[in-house]
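One chain, chain A, appears in both complexes that follow, with chain B as partner in the first and chain C in the second.
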Partner chain A sequence: MEKRSVISGRLLPYLLLLPQLAITLVFFYWPASQALWQSFMLEDAFGLSSEFVGLENYAALFQQPEYFRAVGTTFIFSTAVTVLSLSVALLLAAMADRQIRGAPVYKTLLIWPYAVAPAIAGVLWLFMFQPSLGLVARGLRSLGLDWNPLLNGNHAMMLVVLSATWKQISYNFLFFLAGLQAIPKSLIEAAAIDGARPTRRFWTIVFPLLSPTTFFLLVVNIVYVFFDTFGIIDAVTGGGPAKATETLVYKVYSDGRLGGDLGGSAAQSVILMIIVIALTAVQFRFVERKVQY
Partner chain B sequence: MAEVVLKDVRKTYAGGVEAVKGVSLDIPDGGFCVLVGPSGCGKSTLLRMIAGLETITAGSVAIGPRVVNDVEPADRDIAMVFQNYALYPHMSVYDNMAYGLKNRGTPKDEIDKRVKEAARILAIESFLARKPRALSGGQRQRVAMGRAIVRKPQVFLFDEPLSNLDAKLRVQMRVEIKRLQRALGVTSVYVTHDQVEAMTLSDKLVVMNAGNVEQVGLPNDVYKRPASRFVATFIGSPPMNIVPGIVEGDGRVAVGGHMLAVADMAPGLAPGTVLDVGLRPEDLEVSGGPGIRLPVDFVEELGATQLFHGKLDGAEMVVQAPTGAITSDTRQLTLTIDAAKVHLFDRDTGARRGR
Partner chain C sequence: MVEKRRFGNLVPHLILLVGVSIVAFPVYLAFVASTHDAATIANGQMQPVPGPHFLENYYRTIFVGTSSSTREPVGTMMLNSFVMAMGIALGKILISIISAYAVVYFRFPFRMTAFWIIFVTLMLPVEVRIYPTYKIVADLGLIDTYAGLTMPLVASATGTLLFRQFFMTIPDELLEASKIDGAGAFRFFKDTVLPLSITTIAALFVIQFIYGWNQYLWPLLITTKDNMQTIVIGIKKMIVTQDALTEWQLAMATAVLAMLPPVVVVVLMQRLFVKGLVETEK
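Right, the complex of A and B next:
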């Protein structure tokens, strides 16, 4: 039964909401509205003055081939990371769910990467795959592969995908494991008696029952790849080589901070914000209602 | 169809807990065997070993001519009805029932025929397209039964299938399960802790306690001649009264200062031996002459019958009689009992001390 407590008066509820509202205002609405405003402005070359240009920043953006290249990069990057991290996490969770002895140690070890800051995770992978010093890189080279993420864009992309995936697996693993453990054992047993082998049981019973978790993670992962991987990209490749790993969020940074195009960068931020709002709306609509089965 | 034969089956869990301590059992083809006992007696573990959901530590389980110890559940040709029904929530009723057939590669039109037939037998045709969560408890129960019968297995296994239903529905489903099993003639093993279900459904009643079989027999035989004090108090409602008695001689026991004649008494019991005497509440009668004097504390009215509660030598005692049958003073009853209905048990081991 749900417990309901009634707070009398009007002041107290508002007071209780105030801290959260203040945080949201200061850290979201204020910068967001500034970005929106700035996206209509054009800075002069020295950053001394700015003028109102309306939607010109947006128009300029959509004429830039670099922008669409970043869209493509983001698409490849996010698809790769989401698919990889979800499938590896699901595999690990399915194994952890079966494992009984030593499970706590196994779980703890799998959860640790989530506690590592993105930039640190990036540096870790950078060192392992650094062409001349990295352990893995030397192994790859000795196998005859010309591994060089500093020069080869595809190699650089692989490296950031690996780092970002590694970081996200823990999170997905936790949710998948919880989802798996919420499936009643008797369902699996019933399926076993009904003549389904483990693989078939997984795809016909377990996987469909996990679909609410999978859908939730899909949205969360896309948001993660779009925004939270900035640190990894910055530490590992800095968007290079030749912008091969420049995602939308990294382009906001490089155009705005490095390129000084505050208006254009703000316009990109606003577009990203719209994407997040859309994703969140999707999540609210489907996940909060739970995926129907 | 097949018989099920268990030979000295044991189950020891990893922690060293012995759940089943050597059970041998022979369930004839088409028989309805009920395993009954208090929770933790090992009855569910035993059932799950027959199903193949638990490994067998020692002994053997055979279904038909085949020992199935190392056979996967899927290949044992059994069907099981679970306590929580275990219906697949993402599948329609139709798909729930068809799943087992699909897994075995049954042709589509054959699946359709069998599912429709099962649905007709169970009167669930009208909601084949629904998802389990849109069904009531009784309907889910039927679907679970349907899932078992479409497969036409050698053995049905039931794991407390009625315990989630309300009392009225339970009685109704109990009758339906019995009827269905009779009609299909499939060997069945049924686990329950409800002694009424056990008595009414079984043609072979197995009473279990602490991992051991206490008694196996026809339900009426178990009721009339319980092999131990445990069985005596477990089967029958209200439970059998157990009161202390002293052996007075061959075929005679003193209870509450009154001498009772006993038909079934182990020979050679020394006079003065203290025994547990079992007297069923419904077997006790009001005596015109001398008898056991029971001061009545209170009376429970059950409509058709009355229960008179009292204490005899410190032991709880209940007398059951049809309402209005006892016309004498109901504050103090003088009781007697047929010599054939007196049960004697060892005080320490609880074993029956009969011939």
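Right, the complex of A and C next:
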């Protein structure tokens, strides 16, 4: 799509683009290409000289058991958060979509956690589940459960999954509700006349028609879990205990910060960039399909 | 409603109420904790009803800060968060609206190249390029400055795409009419494009303010001085894991203060918020 009528000007458009392009080049392209370049270089221990080593940093990375552990952690974490937050949000949206009294109030009361910072969400849940003084943790302990996310890796994982899910429900709810409201009521009424009960109507008509929204949210949620949950992990567990909650993004951060392994850290960044680009590409292909649909 | 239900809408109401309570409970508990004294919380004796120390705790949090860790008062942190959030939101709107104006309303060599250069940045979140970006900001001498906090987050394709999409819907006749009136690029922008874009600008502002206020990783790296910390970073430093020294009542007061501005923005400007959220994701 192009404008038929345009403004004439030779220098002006470049001046208008200058701020955005300058910031983009300095803070996006330059660092990204640095990461790419460093991932092929090996620096000595003092950072004085470096040599080109090709794909050695990547090879070294793929020989690290910790790297695959972080891949596994990321996979479990993102699957758990995505499945949990999507199902809870869909349930709530399906309920709010019925013509019940107070639906707008419920909507307001369900969407505000979007505005809570991930790190703050983590802190709230940490407080509830803090083994010695948390209200919920005390309840769990009185039930005879030896709850301790500070020592037990599985408990720590559950805690970050819960915090991340809690924060993401509002976003998914909003998009599911919009998706549900876009489904023509006549289709549902027709099925009702044919004698289909509400549950059957939901799974045979509503859910398939909702699939573009679901698919879109699937991708957005994976991106969310990959990148935006950094604050939750850092505030709640710091990647621990014993790296049980160290995701790929957290590993880039902690490897680059603690060890001076710039090449290895850069290689990890490059792999993450490839993952984001792949996810974005999937998302855009889907968006194109939706437009035709 | 398609059919009559025996119990009316009891089940949806129940499910929604449970959902709302689960969503609200952690925040309610944080508020309750922020009104008790340290001993009550540390003993695990806190009941889920507000206590008598509201004013004292909030006064200490905002103006004094925690005692165990000689941190800055939270008032300073909130000011930093506010400056960063406003800087990011307004900066993004400004640079993306003029770049979209250039891409849509002018014809010039490398127009689409410029558009694609901006577009690709959608795929490079700050998390994947943290250390190289950090090094550049350090080399520019911007550590512990507001410019260092905001500038790397100001550029993003979202705003440009949103404004481009909106400008495409402005009828060509408006530009024709404005040309006949003898208006140039600046007057057309000021008198026609800008007034039409107000809602889009407001929606983008709401989303970007929340985005800026909630930043975590970038301020964590770029601030070394306590008086440059943002509130979201500050709270993490108040919580000493495995340590009885954590002043939970102050940490929870900080959490409440950190949530307040963005949540108020969402609740008061819900319509703009929803519009912004849906449109920036297109």
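Observations on the model:
Note that the second predicted complex is superposed on the first by the 254 of 293 C-alpha atoms of A that agree within 3 Å, B and C clash if a C-alpha of one lies under 4 Å from a C-alpha of the other, contacts with A are read in each partner's own complex, and residues count from 1 in each chain.
Keep this in mind: a contact is a pair of C-beta atoms (placed from the backbone, for glycine too) under 8 Å apart; a residue touches a chain by one contact, two chains touch by 3 or more.
This is a predicted model, so every value here is computed, not measured.
By the touch criterion stated above, A:Gly238 is placed in contact with chain C alone, chain B being left untouched. In the superposition on chain A, no contact is made by A:Met158 with either chain B or chain C.
Within the superposed three-chain model, A:Arg200 lies in touch with chain B and out of touch with chain C [touch as defined at top].
Once the two complexes are overlaid on the shared chain, A:Val219 sits clear of chain B and of chain C alike.
With both complexes superposed, C is the one of chain B and chain C in contact with more chain A residues. Looking at the shared chain after the overlay, A:Glu189 reaches both chain B and chain C. When the shared chain is aligned, chain B comes close enough to touch A:Leu209, but chain C does not.
Chain A residues in contact with chain B (one complex) as well as with chain C (other complex) are 189, 192. Across the interface of their complex, chain A is touched by residues 1-3, 9, 11-13, 15-16, 19-20, 22-24, 26-27, 29-30, 33, 41-44, 46, 48, 94-96, 98-99, 101-108, 111, 114, 117-118, 121-125, 127-133, 135-137, 151-152, 154-155, 160, 168, 172, 175-176, 179, 184-185, 188, 210, 213-214, 216-217, 220, 232-233, 235-236, 239, 241-242, 248, 251-252, 255, 258-259, 262-263, 265-267, 270, 273-274, 277-278, 281-282 of chain C.
Interface of chain A with chain C (complex): residues 1, 3-7, 9-10, 12-14, 16-17, 19-21, 23-32, 34-35, 38, 88, 91-92, 95-96, 98-102, 106, 108-121, 123-128, 132-133, 135, 138, 150, 166, 169-171, 174-175, 178, 188-189, 192, 216, 220, 227, 230-231, 234-235, 238, 249, 252-253, 256, 262, 265-266, 269, 272-273, 276-277, 280, 287. Chain contact summary for the complex, chain A toward chain B: residues 184, 186-187, 189-197, 200, 204-205, 208-209, 211, 293. Residues 51-53, 72-76, 78-80, 82-84, 86, 88-90, 99-100, 103-104, 131, 147, 151 of chain B touch chain A in their complex.
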